[in-house]
């Protein structure tokens, strides 16, 4: 099986989750309040009070077969808004 | 070495940590306030005020030899309460 | 590509980020409020009010070539202050 | 008169902020009160209600209607889950029926508080010992819920880690869960302080008393958001549960009001007693059920208690029960 | 007189705590107010300012200068982005120019609040309907910003998931973003409560009124920290943007003061109107721009509004604008 | 008389809520006050105590006993770690001995505040300049702690990233750590506001003054939880450290009370001075030690200061020290 890690702005979380559900992944987990730095500059929690938010880290454990559909939904969001997505191997405990 | 990722309800955290310690893992890390969706429905932070809590994400880096003991302690909890557990490869930096 | 996971005290976060930037990693993500246990004892959020803080989890996705420089900057910090660092394989989605 | 009471209740800040939260969800605003801020409000409300109840309990003592009222409250928290369970079993399996039943045996502190502010606006007196009744109605309902599970599913899978019986965990959840513990603890502190350190009461009041109404309003804004988010779950739960979540409080309120009459309570206390019977828990009981009856679906017991019964009570229920009490206790009319 | 006004403003707790936050960053202290505590303060301030504005709006009604003032405010929030855009295009691309322009058309609630406390300290009267103007200036600026983007980049890449037009999301951000929604909602609640439940007003005031000044000071401590952290970004933004962030508010203030004179506003309201024109949004607009114009660089529009214009306004601007108004409306002098 | 003072102190809300927190842990309740809420309370208390101290300092000026008292306080914060270190080296290595020693040289703001509320309940006067003493006792203790480490472990491993000396980081931790910075900053703001903007003092007081006692009680509920969680660590720390954590405060209190007598302080100020000497830091110092002496085991210095000395002081110590002062300064009896 695969493990997908997505890191992107909290503001785009809803769209990403829609894409994950459209790909029929069996589930996902979300961690908010993630800060960091990437090609588009650094993201802190300092503007949290404004509703701008920080980043979110989304983890999806799924079968390999789901990846193409997932990529299709998520890649355009990452291209437009920024963020990263990586895949690695993972087996059930 | 192995990396084990557990995601489950915060309410079961104590039992899971007991199982990790019983398996003599060298350490563990816990992230709380995790939301998500799985076969048992979705989990948000909205009921946080009630003490119901959200999910927790537990990471354990350990030798392969520890996995069977870990599985033995954790699998019954996941079966009873829900949650996921995955293993992947990891090497010290 | 590689995925590097660092878990260490929030108090050392600035030094670790400096090391990551010195290694010219393309980016990094930070999750704070991590609790856990390791060879140096357990870390909770109970003393958060005192500024002592808990742990942080740092994720870096980078090319293999960056690892030696990263190790060079981070290993002394881990040796001195405690914390763990692991590497695994990861591919862009 | 009923409509005027309903209107008077509708146009108070707590209820209006509750509506604002509901509307935020319905129109799709991104308004949210992020964790753990609602927890701050809920801890504050429990601490303040307990402390103030303790102060008054010290003054009223345990004589007169105090002990009978408390006993009746505990009896209701044992009884309601039993007849609720019988009704719920018509459509739900044993686990879900027991969990929802326990929820309705227990109480909602925020509904109780809203009823208190309603009484204040009506200039009707009520007593601090009602807080003791509030505090003592959570635990029995949790225990009856667990007994009902045992009854309904005797061959249930063993809870992992529990050796033989799981009563330790159950009693822990029933008597020591954070909301019961903080409420009872603050009540005891209130009693002690009123008795032995009266000069420090005044120094607590700006915090526990003056801020109370504003914090309640702020918290109800969040409750409105959370309740409205539950509306989707409700559709899945189906019309049986929605109906149950409106009719059972009405039925419990009727029983409660009759008991209040039998106990000879004055109108203010009678309303609080009725509200305790009619309200359902979305704090202590769900947390306990998640732990001890994981087979039940949380969206059933949370959505009914929080998505239907809670708004029903604070918007329509409280003034309705007041009208009922005014009918039953004519002296008060 | 100007210098004495500036000094009087400088030595109030809100401004001093703002400085304390700035100094904390400059000297390298690890002082921080962790999330979501600043959100608690900002939600509280919006709720309280809205509620208090609603109470007063109920008393003042919609007659006299109320509707003209509100209309003028909305007009300014449409106009300012347009001429700001023309200036900004001299150095910035269309996306960034539009995003910064929208920011300056909109308002800063905290600057407004600080101006109110300044007026109170000057014992100058002002009206609750100014809060309605405040509430209505956020949305138009956001919409003009988006129109400017369309104008500047007609062949822009399609937003993923948006079918054809993205106006749904834009209007949602403009009218339903959490700060606009909470402000307007609390305003309406204030109006309703003042009208139909006057006795509950008094119970809200310890929360919404008495605590206000202290919470504002606490929040400004955080704002000082955040603004100072932005100073680095500013250097990168360059002297053009820094100059813009000081000169444009001055220019908008002048226009605003002249309109206030034309409307015949009394000095207190005139200052608030001027401050609305001169301030720039770092709450609603950045959140909306991040969503709808991701091509723009947030450090440009946040750093100018929060790192330069906001401190400039609360430290120097407010007393300066007061002096200007005292000049323009001699009766008030 | 001693027992009655102890009882009077025991039955106040702050101390009772501290007990409630301890009991929650002992009986296994899941009551917790999640981060960052305790941080909100602790920031608030530092801000309020500093501001109020500043107001009073402005009125009292720097004449009379002010400067000698402050000098004596600083001297104690230098001296206490040195003799503590000598005692601790009997059983601990140099790193741990130095870290614990620094902890006892510094102070606990919450213990100080609790002593102030105790004095208020005794209707005894005390002065704002004592807050200045409080603020100035944290930094020296941290520096002495580091010097002791240098002394005890001259060939210590180099701190990574530090070029040669690490004094920059040490001084930063000593003088700019968030609690010292906020306390001193609020003190200065209090002085400035009392001097130049007296009308705004009144607007701050509902926040900084009226809420104080309630927030302190709420925070002590959390401190009770945290302190009780430390009890396990204590067992591991052993009876030597537990004994030290009770006897050293008593010894420091005696020295402090004698100095207070020598300085001719009035009873209220004498109690506060004594409490400063007797208390140990679990905020600034642990954070500094974690950074600069990572070789030391945090469970040693946190558990002694927070798990033993802090409860001892607020429960038994304060009234005991009061009785001692009443003996030493007979005029006050």
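Chains: A, B, C, D, E and F, in written order; residue numbering restarts at 1 for each.
To be clear about the criterion, contacts are C-beta pairs under 8 Å (C-beta built on N, C-alpha and C of every residue); 3 or more make two chains touch, one makes a residue touch a chain.
Remember, predicted model here, so these are calculated numbers, not experimental data.
Counting steps between touching chains, the shortest path from subunit B to subunit E takes 2. Contact with both subunit B and subunit C is made by A. Centroid analysis (C-alpha atoms only) places C farthest from subunit D.
Set against the C-alpha centre of subunit E, every other chain centre is closer than that of B.
Per-chain Cα centroids separate subunit A from subunit E by 33 Å. Taking the mean of the C-alpha atoms as each chain's centre, subunit A and subunit B sit 20 Å apart. Centre to centre, using the average C-alpha position, subunit D and subunit F are separated by 41 Å. Contact of a single residue of subunit E with at least two other chains is seen at positions 30, 34-36, 39-40, 177-178, 206, 210-211.
Counting partner chains per residue, subunit B shows two or more touched chains at residues 31, 33, 51, 88-89.
Per the contact rule defined earlier, chains pair up in contact as A-B, A-C, A-E, B-C, B-D, C-F, D-E, D-F, E-F. Subunit E meets subunit A in the complex at residues 34-36, 38-39, 41-42, 157, 159-161, 177-179, 222, 225-226, 229, 282-284, 286-287, 290-291, 294, 297-299, 302. By the touch criterion given at the top, residues 9, 11, 15, 18, 33, 41, 44-54, 76-77, 79-82 of subunit B touch subunit D in their complex. Within the complex formed with subunit D, the residues of subunit F that make contact are 7-8, 11-13, 16-17, 20, 23-24, 27-37, 40, 117, 120-121, 206, 210-211, 213-215, 217-218, 221.
The touching residues of subunit A, counted against subunit B in their complex, run 1, 3, 21, 26-33, 59, 61, 88-93. Those residues of subunit F that touch subunit E in the complex are listed here as 35-36, 39-40, 43-44, 47, 51, 172, 176-178, 181-182, 185-186, 189, 192-193, 196-197, 199-200, 203-204, 206-208, 210-211.
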